[in-house]
Amino acid sequence: MKDTLPYTLTVYLEDTDAGGFVYHANYLKYMERARTMLLYHKGIDHAQLIKDHHHMFVVYTMAIQFLSAAKLGDTLQVFTTLDSITGARATMNQSIVREGKLLVKANVTLAYIDQASPTSRPVRIPKFITRALDVKILEV
Amino acid sequence: MKDTLPYTLTVYLEDTDAGGFVYHANYLKYMERARTMLLYHKGIDHAQLIKDHHHMFVVYTMAIQFLSAAKLGDTLQVFTTLDSITGARATMNQSIVREGKLLVKANVTLAYIDQASPTSRPVRIPKFITRALDVKILEV
Amino acid sequence: MKDTLPYTLTVYLEDTDAGGFVYHANYLKYMERARTMLLYHKGIDHAQLIKDHHHMFVVYTMAIQFLSAAKLGDTLQVFTTLDSITGARATMNQSIVREGKLLVKANVTLAYIDQASPTSRPVRIPKFITRALDVKILEV
Amino acid sequence: MKDTLPYTLTVYLEDTDAGGFVYHANYLKYMERARTMLLYHKGIDHAQLIKDHHHMFVVYTMAIQFLSAAKLGDTLQVFTTLDSITGARATMNQSIVREGKLLVKANVTLAYIDQASPTSRPVRIPKFITRALDVKILEV
């Protein structure tokens, strides 16, 4: 999971706010797009996973720093480095960069849940996912 | 359905774009909020309807004019006047107004569908809804 | 402007709603992304235009039909065909397609405005844009 | 700033995603609405501040926990408790609650910036704001 290809995107009008820059909550969308595409490139189709198994990754915690702002028309790259998988949780670092300049960075913990359960019950991340992600599983 | 109370909202940063005004697609959100609250005040809980019956109203067609722009901090009112209900469709006019000035107006047709069906099959709007809305049903 | 390359996009979780499909207002975002990229490929950088000249295209009217719904993970294509440019207005047809199936179609009129003017004053679309778009200008 | 009135909102379709709950990034919008209304009730009109002084609060850091999910039709309350103001930064805790149940909690640091400066230069939070918020200013 090291040295993964970044996810590249363009900032459209929909992403910005009257302050003239990208609205802060929209960076979270960018990071999720990057996670989805990373899974996809590793052979995990998140949409199919939800449809077939009613299992999905959801954001559990996020510590995020908005260091510098992106603006309309910018081309941004989102880098994702998986840290660890433990039971039903996966931890990773994500950064959003414009031409080598770090704009936003975040430490993200995802929970893997049963979307069909009334309580969104956490589910152990299955082996076919951890194998696809080529990550050492931490025993708990 | 005439002379309904308007739905009132405030324009937040999330609603605006770098042009300095409300992003055009967000007016559609305002109009949907207004329709939801109108139904609610007539005794129809749309969220409950989806949960219990897997039936829901979705937008089928919309003809919209963006006449003047709302800006950050504006207080807006959304007026909704139901025209007719025919089978699985309901037609209405909506307008978004700031201090008496018309900003956006739209003619909206909703379809009432079975959300659980693979084809989102249209469903005749049931009597408990047409009665609640106090609208003459057009026979087809 | 005929036979333009479509704009291709992926449906992410951010685009969907609890009905299980793409939230209707988000198709308007897709259409705007497509217009922005079309301009860009014709040599018009909309973000730069706003920055340098405070001129921008905004949506003035839209007649839209939501024929069928896109869902999470879909790959969509947006086709844009410019109809005409008249003074400060440009009219076009846009369609959103999934594997050859038409999901959404719209007739869109844009206004070209001075974003810095208090009234968002319409401005005649300049020749460098009409030339880039290779469109016959209708005299008014 | 203790015991502030909560900001109350309804979850609309626009807020949800295909997982069936509120899309995670949208809780950040709710928290911003609550901050805006809190300022407003203390006599600070954020929109007017931006317009008149080109100064604005932006999110600098956020540590957020998504503990439980809100769903379509929920009525939510956002509680905000200001911690401290130091120079150009204000720190606060925010929580989103449904019928007494904590769904989301966050520690938020805002920066007060000059939106018109090319570098979004931080600006010392002026006395009229700290006075309005009735908060002890930490000397740096």
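Labels A, B, C and D are assigned to the chains in the order they are written; within every chain, residues are numbered from 1.
Here, a residue touches a chain if its C-beta (ideal position, glycine included) is under 8 Å from a C-beta of that chain, and two chains touch if they have at least 3 such contacts.
For clarity, every value in this text was computed on a predicted model and none was experimentally measured.
Trainee: In contact with subunit A and with subunit B at once: which chains are those? Just list them.
Mentor: Common contact partners of subunit A and subunit B, which must touch each of the two, are C, D.
Trainee: Report the chain whose CA-based centre is farthest from the CA-based centre of subunit D.
Mentor: Measuring from the centre of subunit D, the most distant chain centre belongs to C.
Trainee: Express in whole angstrom the distance between the two chain centres, defined as the mean CA positions of subunit A and subunit C.
Mentor: 28
Trainee: When the C-alpha atoms of subunit B and subunit C are each averaged to a single point, how far apart are the two points in Å?
Mentor: About 23 Å separates the centre of subunit B from that of subunit C.
Trainee: Could you tell me which residues belong to subunit C and also touch two or more other chains?
Mentor: Only 13-14, 18-21, 25, 29, 32, 50, 71-72 qualify.
Trainee: For the complex, give me every residue of subunit D touching subunit B.
Mentor: 10-14, 29, 32-33, 36-37, 45-48, 50-51, 71-73
Trainee: Where on subunit D is subunit A touching in the complex?
Mentor: Per the touch definition, subunit D meets subunit A at residues 18-21, 24-26, 28-29, 32, 50, 56, 58-66, 68-69, 115, 120.
Trainee: Would you pull the subunit B residues touching subunit A in the complex into a rising list?
Mentor: Contacts found on subunit B: 13-14, 16-21, 23, 25, 71-72.
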